[in-house]
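What follows is a single structure, written as structure tokens, with notes after it.
Chain nomenclature is as follows: A, B and C, assigned in order of appearance, with residue numbering initiated at 1 for each chain independently.
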Amino acid sequence: MSASSTLGGVLPLAGAPGSPASLAQATRRARLSLALMVASVLLIGLAVPWLANAYWIKTLTSSLALSIAAAGVALLYGQLGLVSLCQYALLGAGGWIALRAGHGLGWPFELSVLAGGLLSCAVGMLAGLPALRLKGLYLALVTMMMAGGFQVVINVTGFPDGGAGWLGRVFGSERLMMPRPALALSDAAYFRYVAVWLAAVLALIELHRRTRAGRSWALIRRGEAAAVAAGVNILRYQTWAFGLAGFCAGVAGALLAGGVGQLDGRAFTAGDSVMLFALTVVGGVYHWAGALIAGLLLRAVPALLTDFGVNGYLAMIFFGVALLHALITAPSGIAGQLAGTVDAVRQRIRPPRKDATP
Amino acid sequence: MEDYLPFVISGLGLGAVYALSGVGLVVLYRSSGVLNFAFGAIGAIGAYVGWSLLGADWPQGLAWCAAIVTSMLLSLAYGRLLAPRLSHRDPTIRSIATLGFALVVVGFTEWYWGEQPRRLVLPTDAGAIEFVLGEVEVRLTHTRALGLALAVIMMGGVGLLLSKTRVGLKMRALADDRDLSALLGIRVLGVDTVAWVLSGAFAGVCGLLLANIVRLQATLLTFLVIPAFAAAIIGRLHSLPATVAGGIAIGVLEALAITVPGFAAFRTATPFLIALAMIVFYRTGTRPA
Amino acid sequence: MKRTKKIALSAVVGAMGLAGFGGAWAQSGLDCGLNNGKPAAGEPIPIGAVVGKTGPDDFSASGQAAAAYFKCVNANGGINGRPVDYIVVDDQWNPETAAQVASKLVKDRKVVALAGSTSFVECGANAKMYADEGVMVIAGTGVPRECFNARNYVPVNAGPRVSATIAAMYAAQKYKSKKMVCIIPNIPSLGNWACEGPKEWGKKNGVEVETIAIDPGSADATSTMLQAAAKKPDTIIMNVPKGILVPMLAAAEQQNLGKKIHFVSSAPAYNAEVPKAIGPYWKGNFDVNLEFNPVESAGPDNKNWQAVMDRYGAKSDPRDTFSQAGYVAARLVTQALLKMDPKKIDRASVTDALRKVTDFRSDILCKPFYVGNGNRHNANNSGPVASPDGNGWRFAPGGCLTADDPELVDIRADEVKMGLK
């Protein structure tokens, strides 16, 4: 992807496929698009609980939480071309820490989420170390093996649900739900809370992309020789990208745990990590809306099909076909196609200026 | 020693199938650059077809042929119709696309055949090689011994195909640089067909054997491809003998792990741990993709 | 000619009358609710169910049976004139989905109760929500520990722990086994619970029971069976779902373990497909405890269940133990609702009425069923034993055995408090 589209990677600038008129204008537009992104997410957070019923609020809360994880996957693949097939496992790890902190240590919710995020950040950085010497398919396979290992472990240990001991599992009474933050106890309020977290994480990633980190990543993607020649510390920035993606996954896991109340050890398979990557690519890795779409594909679309009573296996067939279709016809994902459509509409409304360089 | 013998023998059976699946995966990777996530699914549907035909009293040989042909046809359909449209994308995306195909096949299999306890019985189940050591008795059914033999034979056969025949040369060229090979006059679609059909045949045989040795259940058989990837990683996605050895080693170690008291609950993680260890400790030939 | 026409006409009318009478008689052979043949047309009563359909196994038969029964009730006067609006949702064996669909039923559709639920994952995910919302669940079949340890969740079945205990008791009785190995999937709240029943019973009765927990996704059944055999037991208790049972017995057959070891199993093995799948090797050496009386038994309620399924169910609906369970649950709820004032049917009053159920009888169950006010429910704790015979099942003499599981002590105390037995 060319540098001009990674510059912000936000909604296309009006009618100008090339570089804008001045640097000040570019900065202003970039700030505007960042604000627009945050505002859009917050608006979704505000509007949806009024429109949706209990089933959909719960579903869309999970959707938003997974969007956070998808944003991390998109960061690694879109910015650096690195495929990580263990992000769902990192989501599980973050969820585990958050549940343990919430139930066992009684930490406030925000602290539990951050703890989950930080642990997954650290583990993500460790997982990223092989990336220094492996690329492409090999890295994908290695991360998938890690996800497989996590699957087995979490199957045995399960998630904390209010009990004592190291694993925090309860035996003898009903499983406890994760205590939610005081200002977000109801499902609707929690949805808004998750939307705020999503906006914050997306902004964090966006800020990274606009600063030194983003430029370093773009250079690393061009070629490691070029990056080293330009003075970029590849170890630091690549590991940092993995850490950031891990942080996203961990936060997502903690928020998912808060939303559903508990997590189940059987739902964190290696296949889930692969699906997360696949649907993030389908959503679009070069645009923040892609992460939102990925979250919808992961949770809302299956829920829609279930709501209509479609047989679960027929839904699986539909998903497979949709995945194939999206991969074949849309290299920059659904978000890319939407952005392209918006661009085309803008060009119709406001014809391109004569001095714009093609 | 006698405590371990039964598990070594039982691990051989499973290891053979990991080895065979691994060879099937590596063959396709070497000849088309794609890691086929749908390998298990294609094999599974072949096994279900075989089970249905055996239940309808078809003769054994014909049912197996039908099963393997089903897998080959599905693999061919994907390879000729869908894979070419992605040939310009990077290898990871091409592999993820096979996941979409896997979902379609598994979804169809589960929907059509439904969920019901089934068992695929092969005539080779009846006989077995008995190992007796003191009080310990363990049997290796002929099916599993056949699996081991097939793994070695296929490894040799495919190795010869890839290295000594013209078709094999063309397959390797195509995997290396598709556009350049087309420029050189290699019939791209023809060679692709051979690669995918061969992979489909492997999938069919693996499907039948796995359905017998493990369980005739579509979702499980599909996701058994992930430990098979571990065998492929041990072969560094290139060496067939290393893949076979790796697969058998994984099977045996996973079975032996049951004797380790603390680890027994986690023994299904053995393939992943071994693959990771191989990556960490044998870091030669990095970045092959 | 005219005369023959008249005779023919009256014969036809007579035949129609007879058919009509026969039809009505056939319909009156069904026992659903009020049995007055009048379709109910009042304000619908919403009742829900959560079933695990898409996943490792298909448990939807209980929802289908309950749906058929409620259809029959609706065609026969409903609940004192009000029809039942029965909503079944699929939780796809995913706890997150289970939470969502239960939310839909309880908070969006405002069901007054749930009946005929059968799910592996929803008890843990939803028990607290059901308790908080004050809604009762008369479930068809519960599996993990949470289903039998919740205030608002009442499974009609016995559960894997009780069932395995009865299987162990049978083995000790018939084969004089002194050492047993119990195999259970290592899913939390199943792996550390369901085999403890035989273990604790064994401790009190001089039988040593060891547990082996297996990974249900494991591809290697042979090693597990060899590990079990290495402990030199007299009996192996299989406490696993039927999808895993078949390959494990196949592995045991390949190792010829049936020669020296007896195999018994808890209830999941009792299914029409299992004898054919496991094959003739196991004839006479595999005993299964059932949670209900056999599917082909001749008792009037069992026959009613089959008739209801034939009349109101689909041909493809399985007629298995899940179906029996769903039918029993639906019948229990209907009976309780019929005792209430139709104008005052809301969640709180239904919950109250259901807790008051103390003597629900059905020949599908070994003993009368009750709900009660206890903190947990496990009223069904007895069942008969069967053994595969060719393509079918043969039933052991002796009828229903009652589980002597030490963990049931609080259940027995509740029974005494309620004045039962």
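Note that in this section a contact is a pair of C-beta atoms (placed from the backbone, for glycine too) under 8 Å apart; a residue touches a chain by one contact, two chains touch by 3 or more.
Keep in mind that this is a model prediction, so the values were computed, not measured.
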{"item": "Higher-contact pair (C-beta pairs counted), A-B versus B-C", "value": "A-B"}
{"item": "Chain separated most widely from chain A, comparing mean CA positions", "value": "C"}
{"item": "Euclidean distance of C-alpha centroids - chain B vs chain C, Å", "value": "39"}
{"item": "Whole-Å separation of chain centres (CA-atom averages), chain A against chain B", "value": "32"}
{"item": "Shared-contact residues (touching 2 or more other chains) in chain C", "value": "186, 215, 217"}
{"item": "Of all residues in chain A, the ones touching two or more other chains", "value": "152, 156, 311, 313, 315"}
{"item": "Residues of chain B touching at least two other chains", "value": "223, 227, 265, 268"}
{"item": "Parts of chain C lying in touch with chain B, wherever the complex brings them together", "value": "56-58, 186, 213, 215, 217-224, 226-227, 230, 242-247, 250, 254-256, 271, 273-274, 277-279"}
{"item": "Contact set on chain C toward chain A in their complex", "value": "53-55, 89-90, 92-97, 99-101, 103-104, 107-108, 121, 124-125, 127-128, 131, 145-146, 149-151, 186-189, 192-193, 215, 217"}
{"item": "Chain C partner contacts - residues on chain B that touch it in the complex", "value": "3, 6-7, 10-11, 13-14, 114-119, 121, 125, 128, 136-139, 141, 210, 213-215, 217, 219-220, 223-224, 227, 251, 254-255, 258-259, 265, 267-268"}
{"item": "Chain C-touching residues of chain A, taken from the complex the two chains share", "value": "53-55, 58-59, 62, 152, 155-158, 161, 169, 171-177, 187, 256, 260-267, 302-303, 306-307, 311-313, 315"}
{"item": "Chain B - residues contacting chain A, complex", "value": "35, 37, 82, 85-86, 89-93, 95-97, 99-108, 110-111, 223, 226-227, 229-230, 232-233, 237, 265-266, 268-269, 271-273, 275-276, 279-280, 283, 286-289"}
